[in-house]
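Multiple structures are listed underneath, in structure tokens.
The two complexes that follow have chain A in common; it is paired with chain B in the first and with chain C in the second.
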Partner chain A sequence: MTGATGKPAAPVGARPRGRRRATVRGRGAISPLAALVWLAPALLLIVGVVLWPAVELVRASRSRYSITGLRKGPAGWDNFRNVLANDSLGTVLTNTVIWVIAVVALTIAISLGVAQFLTKDFWGRRFVRWAVIVPWAASLVITARLFTLIYSYYYGSINAVLLDLHLITTPIDFLGSDKLIMPSMIAVGVFVSIPFTAYVFVAGLGAIPTEVHEAARIDGGSPWQIWRHITLPLLRPAILVASVMNMIYVFNSFPIVYTLNESNPGFSHDTTITFMYKLAFKSAEKDVGQSAAAGLFNVVIILVAVLVYLRVTRWRDQEEQ
Partner chain B sequence: MSAPAISWRRSRPWALPVVGLAVGLAFLWPYLVMLLDAFRPSEDVVQTPPSLLPRVWKWSTFGEVLGDERFLAWLKTSLLVSVASTAIVVLVAVPAAYATARFRFPGRMAFLFVVLVTQMFSPTSLVVGIYREFFSLNLVNTYLALILTNAAFNLAFAIWILHGFFSSIPVELEEAAELDGCGRFATLRRVMLPLTLPGLVTATVFTFIAAWNEYVVALTLMLDDTKKPLTVGINSYVTGYEQNWDQLFGASIIAIVPVVILFAVIERHLVGGLTAGSVK
Partner chain C sequence: MTRRSRAWRVAAVGLGASIALAGCSGGSGAGSAGGNSSSGSASGPTTIKLVAAEYSKDHTKAFWDKFATDYKAKTGNTLQVQIVSWDDIDQQSSTMVQNNNPPDILNLNAYASYAKDNLLYSSDDVLSASVKSDLLPAFVKSGSYQGKMYGMPDLSSARAMFYNKTLFTKAGIAAPPKTWAEFEADAKKITALGGGDIGYGLPLGPEEAQGEFSIWLFNNGGDWKTDGKWTINSPQNVETLTFLKSLATQKLTQNNPGKTNRQDAFDLFASGKVGMVVGFSPLAGTLDKAGKVDYGVAPMPTKADGGTPQTFGVTDYLMAFKKPGNQAAVKAFYDLYYQPDQVNTFIKAEGFLPVTTTGIAAFASDPKLKTYLDTLPNAHLTPTDDPTWDKVKLAVQQNLGTAMTGDPKAVLDKLQQSAENGG
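For the complex of A and B:
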């Protein structure tokens, strides 16, 4: 992708407004070669460790592999056809859509409240902020394994508490029931996504000048009106950043779905990411080629989803404002 | 002022901390369960009916884990990989972000677009390709492979955050420094870097945590037990053959502590970093 630096850029400097910006905020033009000195290390890393594996993935997706992972020759489009023909594909895609939308939407909603609270001034606020950070600091694998135990039918602490309080008479099988496993996984997904999101919102709230709220209060706005018509619109950039980052993280999230769903056979509760991994390492076929094809589908799906989301929310307009 | 407003004003000094305690516990409770599980024998963790508090207390878990050579090896890998990849990200992202924020050159937008796209590539989706690349380079099972992967996949976020920061600093400030006789690099080091410190802190912490918690690539690339990072290694405390839940959770807590401390130390900078970097 070294050609990227050689390609002509958008004629930013040609527009009068762009030129003014260039003198106010930038240092003006330099040659591509001079720019390369600054960008070369980054380009090297991106080309060497992100794009090269992407190319390898494309090559793998067009190859046939033995069950032990040895390349046996070209496969044309067979791997892609096989993935598309997989009986579970519909279920897996539906699961992915439910997983991403539910986790991101709930995370944003709850984090708005948490962030609002964390910006209040009260005794012990620092400790609460540290506590909120913990699910982010803990690795997803650890949290996921912890929750397999917490949710457990036999020895889970949720069941222990519910039984002790006599709210239920028999334990709930959170991870074994077809109805409950997705909500259970979503709950963990939301739980680990809140800290990052809340922190983005805390930052966004901090960027709103206090005068704006004071003016609204003097004008007689109720707290709800102020929040709905002043805070929320001013938080829009932060909400956009948080939702895009979360879409990417949640879509690509592996450990939660993989670990909590481990005891269930088949693909009925998998997302496209765990589906891809299982194709290579866990399914009956152990097919690296098919897994690579599925991996490519994943890259394309999230790319398109994010671009569509940015288009729908008119990200650019926001940047220009 | 209305009656509810007055009563709220009176109750606020104690009501908010109480709510704060509830919010804090909402985020901590699973890890408190984990801490309790680290203080009981493994058999007690998986016993029916479950009990919230240990039936038998066991105080030796942390000593066992810290005395376990495997654990120390995993800890070493995690520290080495996280520190090295974070250092690489900072060293590589700063010049790239500075150049794209300050200069206009052909390919600038193309570069920023490539960076944005790589943000969407996850090592998980590409794991087959990553394995094949490092296999052909004969780098499977090396720290270098893991360090490079963690650095490369966290670079995009760091560049974006720092790009936002450098763009927001008035160019006049730099010109003033140059008039005072600073060279370009001296300006970058003495004027720009101190002003972008919150952004640097944010980028550093994000990279460190992502590298510290990375799982799938390490699981695939690191074959030697002693070269695994904590996330992968500690899983061997509970397998089909041996079940040491107490040690798994004790080790997990030790793995969480450095990150929480790191967070606590830089929390104030972090909030500022996110404001200027990603939220204009």
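For the complex of A and C:
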């Protein structure tokens, strides 16, 4: 695990340092000690926020814990074996894949439209731009809690409206039905992910020079052609960043799944993140060690997923060029 | 900047973020800082820390803050108070123990696992004889692990059947049901009123499935443990769960009872839609405050004709962690807490029931509490004195609800098996 965590950090850290050292030498004079003093706050932050928790996580995953949280001794690889042997692991992984792919794909698709809309000139654009930020600015727990009320079987506003319109005769059990809970959670996930993504795209659209579009129009390109062959390719870096950030963000999203899924027993609608939490504190396992092991699996899963995604998109780039 | 290095950078940022997240949620986050909770010298003033569960927003913090002032005035010691919501307290206490930084006093609904891990003072160390003799014997028993008492009760509750008098009158039901057969018939009558009225509010979701199932199985002569052996899948218990499932399949309950939490069932009852629900005194407090529902409180119906109604009692605990130099301060804490004007004030404000003999005498004058107080000394409790129960309880919470759509016997068989394997 430590090998994997150290590896990707190295190139990022090493390159700028090498470059800076070259220029410093050129001018001739900063002692390594002085440099260290200047770097100290950043280094402390990295050690405290990234390295120390990671080390603790690895240590916890290799320890045997009592239900009270008391460390009882080393556990070897037992925690990892137990997580892999968990009956619900397959369900949880499937849920996670559906959750991440559906939320990210829908978010990107909808945000592309929203961003186009927000860059147009219209009366009240400032107001709309602010309004779009709201779901992002609100605390996820509060948003999720609000949606449990909106979805509620007995008091939910969606059911109330549908019943009043006589579209349904009995309420829909959005959060209790095994078929509907995942789509219901995905809808909320998309709702809270759109603002950030749309703003990344607004920035991306703003960075496209207007001359390119003008030239395309003069050449007689239809709006669809212009969007497909000019806007979309030039937006590719923004889409790449937005997808990767969203993948990580949605994968790690805890409050929505946990809150909306709260009254469902067992693991049948959990993703790997809520699975990890329940392993530690709510399930019959109640085992911090297993939860830490699951946490390390999570890190590996998202790392692999992101790298695969980046590789796939780069490969497509080269093919097109 | 090449595309390649950008990709690496994005990946590295993501990795950092996910590690940091995993680290926090894995429970290895920093414990609360600023705790010189055990200052070594036994003679001078000591600072101890209390982590207490939040029973209500209005009263819990107010009581403990006042208590800390009284404690300081009486003993010279300082009491740091940290109030934690019930949702978070398992996580917080586990993290504190894990980081070797437990509080001196912890308020929780379980203690046996902590006693088993040898983390706690027993009553011999920290409870004055006069205090211990005042505690109700049922709670001394439930607070004792392997012959020694570690779980000091802070308050208690007993369950009873709440019924909506307005709906009962509308459905032509004269008196609350005494047997399961009457209960089922009454639930049918209320459901038949139409208009969305619900016969019985049955919460078997993960919040407190073990509580709801307990009171029903006790009234069928069942128990979780009998003579020291687990009897989760006993014929009585299977019969009980099958009966509850039949209520669900006949649609006499609210929608999806296996996925309904207790609070949701209470909310439905408070909205006036539900005929009957198993409740406890804090629910009465909520209903009185809202003043919307005309309700009555009755003993639970029994399976057998002419059976004696059984009550399910619950108590939470104040346990004391062994830390160098804190024993005298902890003892002083208990001495003060069990003063009638402290413990009874707290219990009264929170709407619960007393844990002491003097408390029962003090509360006896309240006619609203009579139904509970009469039954309290004989209340059945869950086997909180067995550390295995701490895990079995979680397994019950996470699995019992599945019996509403699955096979009750299979669900109980599996729970029995996990209990026999030590949870």
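Assume the second predicted complex is superposed on the first by the 275 of 321 C-alpha atoms of A that agree within 3 Å, B and C clash if a C-alpha of one lies under 4 Å from a C-alpha of the other, contacts with A are read in each partner's own complex, and residues count from 1 in each chain.
In the analysis below, a contact is a pair of C-beta atoms (placed from the backbone, for glycine too) under 8 Å apart; a residue touches a chain by one contact, two chains touch by 3 or more.
Being a predicted model, the structure only gives us computed values, none of them experimental.
Looking at the shared chain after the overlay, A:W136 reaches chain B, while chain C stays out of its contact range.
In the superposition on chain A, A:L57 makes contact with both chain B and chain C. In the superposition on chain A, A:T210 makes contact with neither chain B nor chain C. In the superposed model, A:F117 makes contact with chain B only, not with chain C.
Which of chain B and chain C touches more residues of chain A: that partner is B.
Contact with chain C, but none with chain B, is seen for A:T68 once the two complexes are overlaid on the shared chain. Of the two partner chains, chain C is the only one touched by A:G266; chain B is not. Using the contact criterion defined above for the overlaid structures, shared-chain residue A:S283 touches chain C, although it does not reach chain B.
In the superposition on chain A, A:T169 makes contact with neither chain B nor chain C. 5, 8-9, 12, 49-50, 52-54, 56-57, 60, 154, 241, 248, 252, 254, 273, 276-277, 280, 288, 291-292, 295, 298-299, 302-303, 306 are the residues of chain A that lie in the contact sets of both chain B and chain C, per the superposition on chain A. Taken together, the chain B residues at the contact with chain A in this complex read 12-13, 16-17, 19-21, 23-25, 27-28, 30-31, 33-34, 37, 45-52, 88, 91-93, 95-96, 98-111, 114-115, 117-122, 124-130, 132-133, 148-149, 151-153, 155, 159, 167, 170-171, 174, 209, 212-213, 215-216, 230-232, 234-235, 238, 245, 248-249, 252, 255-256, 259-260, 263-264, 267, 270-275, 278-280.
Residues of chain A touching chain B in their complex: 1, 4-10, 12-13, 22, 24-32, 34-35, 38-39, 41-43, 45-46, 48-60, 114, 117, 120, 122-143, 145-147, 149-150, 152, 154-157, 159-161, 163-164, 191, 194-195, 199-200, 202-204, 206-207, 237-238, 241, 248, 252, 254-255, 273, 276-277, 280, 288, 291-292, 295, 298-299, 302-303, 306, 319.
Those residues of chain A whose C-beta lies close enough to touch chain C in the complex are 5, 8-9, 11-12, 15, 49-50, 52-54, 56-57, 60, 65-71, 153-154, 171, 173, 175-176, 240-241, 244-245, 247-248, 251-252, 254, 262-266, 273, 276-277, 280-284, 286, 288, 291-292, 295-296, 298-299, 302-303, 306-307, 310, 314, 317. If you check the complex, the residues on chain C that touch chain A are 3-5, 7-12, 14-29, 90-91, 93-98, 113-114, 116-117, 119, 205-207, 209, 254-256, 258-261, 264, 268, 271, 273, 387, 390-392, 394-395, 397-402, 418, 423.
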